[in-house]
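The following blocks contain the structures, represented as structure tokens.
Both of the next two complexes hold chain A, though its partner changes from chain B to chain C.
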Partner chain A sequence: MIFLPVVLPLLSAAILMMLHARPRAQRVASLAAHGAFLGVAVLLFARVQGEGPIAAAVGGWHPPFGVSFLADALSATMVLLTAVVAFPVAVFALALADGRWERMGYHPLVQVMLAGVSGAFLTTDLFNLFVWFEVTLISSFVLLTLGNRPAQIQGGFKYVVLNLLSSVVFLCAAGLLYGVAGTLNLADLAQRRIPAEDLWLIGLVGVLFLGTFSIKSALFPLFFWLPAAYPTPAAPVAALFAGVLTKVGVYAILRTGSVYFADATAVWTPAVLALSVPTMLVGVFGAIVQTDWRRILAFHSVSQVGYMAAAAGIGGKAGMMAAVLFMVHHGLVKSALFVAAGAGWRLGGSYRLDRLGGFARSHGWYAALFLTLALSLAGFPPSSGFAAKLAAILAALQGGYGWVAGTMVLTGLFTLFSMVKIWNEAFWKPAPEEMRVRTLGAGERFLLHLPLAWFAAAALGVGLGWSPALASSAKAGMQDRDGYVRAVLGDEVR
Partner chain B sequence: MTVEALLSVAVGVLFATGLYLMLRRTIVRLLIGLSLIGNAANLLIFVAASLRRGVPPIAPEGAAAPPPEAADPLAQALILTAIVISFGVLGFALALTDRTVQATGTDDLDQMTEEEPEP
Partner chain C sequence: MNSLILRTGTTFVMPLLLVFSLFLLIRGHNLPGGGFAGGLVAAASLALYGLSNGMNASKAVLRVRPETLIAAGLLTAVVSGALGLAVRGSYLAPIWWSIGSVKVGTPILFDVGVYLLVVGVVLTMVFALSAEEPS
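Up next, the complex of A and B:
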């Protein structure tokens, strides 16, 4: 059961690869594969909720020797989020039905990426985490450059080089940690005693890991690959990346911090905060001067990752809850906004805000859905953004980090400014002369609106009633470090 | 000089050379630098984790664990995995570099300023 979120997408990727010559069958199979993945994620989440954490070891090699997987409340939530984001994006990809990038292998690659992301969420071993990062990266490299436009290649090149560098840093950190502690299993690490004279090494290793994760999640100062890369790929790819990929980095900060580094070394929390607070500001100020729809969204992704990482860095029960809630919120809403941008491009023929306009009059439903999602990102009640931001600010205040809370409020204000800019330009102002509005068939219109409605409903649902439920469910296996250790190692706890 | 000290120096030299090459403006040097740094990381794992003589790590019959003087095989397993992965990734990076040079018409990183995304 616990291996299904990894095995199933890999199997689907193989099947989709075989259907390469038959685009129509491939599309149907891709949708079915996403549906199956969603089903597995829901089942896993329900089982973890009902029975508590599920652990399994590959090939019967018990931890800490073998590679082990653990689905606790946090992991199951992240896998579920991935599936809930990936499914509507697949529907959106059907609506665009661009044969060019489909021929280049879009469908199988997405499945490989889902497998890599799920693996990263479920593994308990740091080196195994590295392997899943690489699986995710390789597929994302190719997805990012599908289509071969010059801007894509340039953005993709930055992404590839920075991520290769971060992989090397990850390897060094893992090697040093193994040399000091003798294990890379997170649960095993958490219960080892490190001699006092080696503690400075743990601090060093912690900072190296944080460096890697901060590149993956686009934290300040190495965030610039994200605004260069995210506005360039095919519309569904951008939506999927925005929802899922940066979360992997934040999840890694949250997981390694809560299980090990936050307790093991005093530098962890200040280091995370020192990276994440400037991230919030740089991202949101970067967005102000942009005039390209997807560039604005990409800069906002950077700024929002800052919130999540700050909450994860503050830690404790409140910080963890806030980080999880924020990841769920941002995964849903940011993907949705990228889908909305893609829909705008489909309808109006451009991503440039000066070439768009009048959607509020010409496409009322589309405009209403966008407004719901944009206000959610800005943090209006009763949306998920309000719940997430409130939780993050309260966590910062409780932890005694008033200046972090203040930055969060300020960033929220500027987020609203950018969202209003998109609304004013693309939706409210009259359509510019040169804009050619494409008229779409009823089927395609339905397929464009369906994912947006799905996301808007999910965002409102999370904001209205599910935040307490999410919080109570995540608390079971996440905040409690000993629970994690016990769930992974079973009876072998020394 | 022990092997550990020698290898440590080698790691340092590889990192320094790799970083120097990565800071050059030519895109191919950047890639060579990256691959050097990758090798440095592999050597680093080797030095940091286990570099000593030992018996093969095979548990005798009936015992639950190998004898304590056994060499640690895990570091080598890690390095092997890392080598395979970096080989694949580097292959992709090479192809991408080729495409980048074709698309931009230059191999100078300073010339690759961002273009406005196409409408």
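Up next, the complex of A and C:
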């Protein structure tokens, strides 16, 4: 069961590759693969909620020797989020499919990426985490550059170089840690006693880990690859990346912080906050000056990653809950907004806001869905954005970080500003004369609206149902260190 | 590259390389070697054939598209792991059978998958890099 979120997409990738010469069959198979992945994720989530964490060892080699997987409430939620985002994006991809990027292997690559992301969420082994990072990185790099436009190559180059660099740093840190502790299984690590004279090495490992994860999740000093890369790829690729990929780095910060560096919060929390608070501000200010729809959204992603990382850094029960809620919220809403941008491009022929206009009058449903999602990102009740921001601000206040809470409120204000800018430009102002609105068939219109409706419903659902959802995941054990160790190692715990 | 010596040499060397790649694949069962090394050698032999006789000749010898090999290899490897999941309840758990004194199991199937995958990936790269114009 627990291996299926990784095995199933790999299997689908192989089958989709074999259907290479038959685009129509490939599209149907791709949709079926996404549906199956969603089904597996829902089943896994339901089982974890019902029975508590599930652990399993690959090949029957039990930890600390083999690689083990663990699905606790956090991992299962992240896998479910991945599937819930990936499915409507696959529907959206059908609306835009013209065969060009499909011939270059779009469908199988998406499956490989899903396998990599699920693996990163489920593994308990740090070296294995590195492997899943690489699987994700390589497949996403190819997805990013499908089409070979110069801007894509440029953005993809920044993306791959910086992320490969961070992978090397991560590998070095993992090597150091293995040298000191003799294991890389996160649960086994958490219960090892490190001799006092080696503790400085653990500190060094912590710095390297944080550096790696901050690059992967696009935190402050080294975030610039994200706004360079995300506005360039095919529309469904951008939507998938914005929803899923940015979460992997934040998840790693959250997991290592809560399991391995749980004793070092006095150092860990200020370090994460020092990275994430500037991220919030830089991202949102970067978005203000942009005039390209997708660039605004990409800079916003940076800003929102700052929220998640800040909540993850504050830690404790409230901080973890807030970080998870924020990841779910952002995964849904940001992919939805990228889908909306792609739909705007399909209808109006451009991503540049000065060349678009009048959607509020010409496409009422589309405008209403966009407005719902944009206000959710800005944090209006009763949407998911309100719930996530409230939880994050409360966690910051509870932890005694009033200035972080203040920054969050301020950032939210500017978020609203740029959402209103998109609304004013693309939807409210009269259509510019050179804009030629494409008339779409009923089928394509349906395929463009369906994902947006799905996302809007999910965002409102999270917004309305968040407090019961949080209470039940608290029961299923949002793992603290001891819970995690017990879940992975079972009875062998000392 | 048009060289009589290379072409003639390749005719002799290529079958040897292919046999050697299979040897490496099977030897990897208990000793250094395995699907990855074997796949590299097999791909190298086809690349050598392509260098001496033209990439189209090499594609003709291969018969299938290298992408198909990638898919077949991935499928074989994933299925060999899934057998372990189905029979022994853990992904990639090995299942062994004895044929006489030789033990055969799913790990060799996994290695065959790796072999096909590596041949496919390397040849995809070689063919793409040797193309005169971007296709």
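In this text, the second predicted complex is superposed on the first by the 481 of 494 C-alpha atoms of A that agree within 3 Å, B and C clash if a C-alpha of one lies under 4 Å from a C-alpha of the other, contacts with A are read in each partner's own complex, and residues count from 1 in each chain.
Here is the rule we use: a contact is a pair of C-beta atoms (placed from the backbone, for glycine too) under 8 Å apart; a residue touches a chain by one contact, two chains touch by 3 or more.
Predicted, not measured: the structure shown is a model, and the values here were computed from it.
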Fit or clash - chain C, chain B, common chain A: fit
Touched partner set for A:428, first chain B, second chain C, both or neither: neither
Which of chain B and chain C A:13 touches, first, second, both or neither: second
Touched partner set for A:380, first chain B, second chain C, both or neither: neither
Partner chain in contact with A:59 - chain B first, chain C second, else both or neither: second
Touched partner set for A:350, first chain B, second chain C, both or neither: first
First (chain B), second (chain C), both or neither touched by A:3: second
Superposed model, chain A: greater residue contact from chain B or chain C: B
Shortest CA-CA distance in Å separating chain B from chain C in the superposed model: 8
Contact residues common to both interfaces of chain A (with chain B and with chain C): 148
Parts of chain A lying in touch with chain C, wherever the complex brings them together: 3, 7, 10-11, 13-15, 17-18, 20, 56-60, 105, 108, 148
Chain C residues touching chain A - in the complex, by the definition given at the top: 65, 67-68, 70-72, 74-75, 78-79, 81-82, 84-85, 88, 90-94, 134
Of chain B, residues touching chain A in the complex: 22, 30, 34, 37-38, 40-42, 44-46, 48-50, 74-75, 78, 81-82, 85-86, 88-90, 92-93, 96-97, 99-100, 103-104, 112, 114-119
Touch list for chain A against partner chain B, complex: 127, 130-131, 134, 137-138, 141-142, 145, 148-151, 153-157, 160-161, 164-165, 167-168, 171-172, 174-176, 178-180, 228, 231-232, 292, 294-295, 345, 349-352, 355
